Amino acid sequence: MREQAYRDPVHDFITITDALLQQLIDTPEFQRLRRIRQLGVTYGTYHGAEHSRFGHSLGAMWIMHLICERLAYTGVELGSGVRETALCAALLHDIGHGPLSHALERHLTPQHNHESWSAAIVQEDTAVHRILAACDPALPTQVAAVILGNYQGPPYVRSLVSSQLDVDRMDYLLRDALYTGVTYGLFDLQRIINTMQIHSGQVVVAAKGIVAIEEYVLARYFMYWQVYLHKAIRSQELILRAAWD
Amino acid sequence: MREQAYRDPVHDFITITDALLQQLIDTPEFQRLRRIRQLGVTYGTYHGAEHSRFGHSLGAMWIMHLICERLAYTGVELGSGVRETALCAALLHDIGHGPLSHALERHLTPQHNHESWSAAIVQEDTAVHRILAACDPALPTQVAAVILGNYQGPPYVRSLVSSQLDVDRMDYLLRDALYTGVTYGLFDLQRIINTMQIHSGQVVVAAKGIVAIEEYVLARYFMYWQVYLHKAIRSQELILRAAWD
Amino acid sequence: MREQAYRDPVHDFITITDALLQQLIDTPEFQRLRRIRQLGVTYGTYHGAEHSRFGHSLGAMWIMHLICERLAYTGVELGSGVRETALCAALLHDIGHGPLSHALERHLTPQHNHESWSAAIVQEDTAVHRILAACDPALPTQVAAVILGNYQGPPYVRSLVSSQLDVDRMDYLLRDALYTGVTYGLFDLQRIINTMQIHSGQVVVAAKGIVAIEEYVLARYFMYWQVYLHKAIRSQELILRAAWD
Amino acid sequence: MREQAYRDPVHDFITITDALLQQLIDTPEFQRLRRIRQLGVTYGTYHGAEHSRFGHSLGAMWIMHLICERLAYTGVELGSGVRETALCAALLHDIGHGPLSHALERHLTPQHNHESWSAAIVQEDTAVHRILAACDPALPTQVAAVILGNYQGPPYVRSLVSSQLDVDRMDYLLRDALYTGVTYGLFDLQRIINTMQIHSGQVVVAAKGIVAIEEYVLARYFMYWQVYLHKAIRSQELILRAAWD
């Protein structure tokens, strides 16, 4: 077993033993994420927020891994194909983001959002595509389907990648809180994972986890007020877009 | 009183009321530090270490501010000229750093290290220079002297900016630890500040602070082993330099 | 200047230079608080919550100190008599608590709540009373008035000791969160202090602090759900009271 | 599967599914640990250190659990008898401690240290003994042997419970650091666990873990200087013993 350990400021060690995931991380497409700022021009207001989509993508995949471990522990075994699909989709969900993430997304390529670019990178002739296809010829299509929201497998896979309670939001709230220094984004990740269950193919949370969910929802609210919708940051985005046009 | 608050991941709020410091931060020379990576190519190994010299320079100035407050509280009033010199020198000590900080320092301009560039920016015809001179015509020379190590004022000013126990090291250990996720760089900053004293013009630490000093020295040792001298990072630096030559 | 430093798990160093406060802490009445559990029988459910009213009382006084410093910094100087009264009232507000704090309060002495006991300790012939009176003969009466809610001085003093936003709640939320391990009680203390102002004799918070206040209010809500009203803890309290009767 | 979750200030959730461990925790002997202060009279100097042996014993067992999980993950399966023995010994290693832990240990019963009392509780007719014996008649003897240091099973079991690098020290350094507020006791627990291996029946740490081990050793050094050998605490212990004699 070859183990790759990434020391992460949010999750401490992200430990990867799956050769497929390691190969995907080493592609030029994934390494490109090191040059995409997670929060666009936000660093102009919160100077600590200089982090990239690279760490966030690792983090989203890691939370998916923790959820799979927890589900397995409670007796819900994901089929290995489903598990691979979920982990790859979590890792690659943002691979289509362009410069400064959302700040320019609708301006650079108005016809395409970052999800459609992510799906394209997964399905067209790229290093990412070749690695996925070499593992299983059906994998690129399935991963792209999860990203685009038309996956035909168990519905919880899609909802764990993109919904009101998904690995994307769970990672970015914790990560953006750390880097901006605004602690309002913190919530009880472990409690949420521990109370997750699969019910009729959907992810649900046991009643005793409700306060953790409330806290998570409010963490989002606070981060929107304090960071994502901050007037100085929105102004900078407008200036940036005006400069581009 | 106009107050500028910077939310910092390391120090929480860095609050600036001094108009001179606010003006210096807003210069193009200082804002340029947002594009200089604090740890060069280290982010290739510790993916969280994407932070710039901007936050570090604010942090070093802030620790200097905390030390001045503490000294005043213990009855040691720095003259206002000395205090301004110390704060400006802490803020500007890295303003001459080039791309990727130390990784390319000796290759881009072999005859000049970053201190000599910092001193040049302070003394030549720049926005930084004009703001310092407008405050006090002697200030640019004094700040440059502190940075270059030939300041004729109280010796503790120089040693607080650059010595074995200075605001530069104190900030970068805490900051690099946070961003890399390697907690070994943490130490008891508050205890060190609280036990600092001026004795015969030198900064000394009261005997009861000795364990905090030991911990600080060992934090440096650990960060060198775990981060600054990490074999993969040193290799990347060698490759970068070879590519440059 | 003799300085007494208390290392606190919540506030790091609590540093006391005021001889009056030091003497009050050293009285038998205040030292007794070391044997009063802050959260009564809660440790039976959250095993970490074994902390006493001693640390909380120091912490409440320390937050009052930080607020006074901030107000002074913004140009609002409390008269020294008012400042002393506020600090002593914060330190002594819980000195009348009996065994297991609230769990038995109404059962041990049904006619008296802990505030009336606190006021009695301040005004009757105790070490606390003698120290306060030796400092200023009017001080015991004023401190007791703040605790009982009929203080005739500036209204913000009373509201900082007991209101919807007071040093008592601010300390216990942070402290109980730390000791129980339930992070939901955390909030942005520094931001609240930094945005506090005195307006028409009342404490108000500047508009830009509103999100910090919302977070504080919700921290209370979460702590009530997760800890203070926890069904197992409430059950233990009922059993304890039944055993007493 | 019935799962018992203990929210811990040090390890967040300690989750127990093993019915044997749950039953042991619920014995009067183990619950008694709630009334034994982990650090004796230390709370007189570090007021936050009011924690008991109860949380520490849970924590030591939890670190043992994490190590077993890690060893299993690297392909080293402990036999179930060995694993049970290790977990029970970690949980029960301090069950013989008397009032104020070490402060009075040699004075109350000079002929017996706490290990011999722990072994007696495991082997004599107690609730703990009956629960262990009902699970496996050989278990009480084996657990006592680990505690007393004459266990005939794999040597790493004994060394994980008591050696220079054991679950006891690893938990108490982190725990005492948190409660005293002295951060010097922190170290990289996850890194140590991740680099542990079994070699010739002994626990060893891979070469890449050496810095984490150095940090751990120094954390002990710092905690001894700052807390365990603190002059005021040692004085209080001497007074306590003199009062007893």
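The letters A, B, C and D name the chains in turn, as written, and every chain counts its residues from 1.
The rule we apply is simple: a contact is a pair of C-beta atoms (placed from the backbone, for glycine too) under 8 Å apart; a residue touches a chain by one contact, two chains touch by 3 or more.
Here the structure is a predicted model, which is why all the values come from computation and not from measurement.
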Handout entry: Chain whose Cα centroid lies at the greatest distance from that of chain A
Key = C
Practice task
Mind checking the rotation angle between the two copies, chain B and chain C? C-alpha superposition, nearest 5 degrees is fine.
Solution key: 180
Problem - Separation of chain A from chain D, taking each centre as the mean of its C-alpha atoms, in whole Å - result: 39
Problem - Whole-Å gap between the CA centroids of chain C and chain D - result: 35
Exercise for the section: Can you tell me which residues of chain B touch two or more of the remaining chains? Expected result: 12
Problem - Touch list for chain A against partner chain C, complex - result: 183-184, 186, 188, 211, 214-215, 218, 222, 225-226
Exercise for the section: Please give the residue numbers of chain A that touch chain D in the complex, ascending. Expected result: 1, 5, 12-13, 15, 74-75, 190-191, 194
Problem - chain D residues touching chain C - in the complex, by the definition given at the top - result: 6-10, 12, 34, 43-44, 46-48, 50-52, 54-55, 58, 178-182
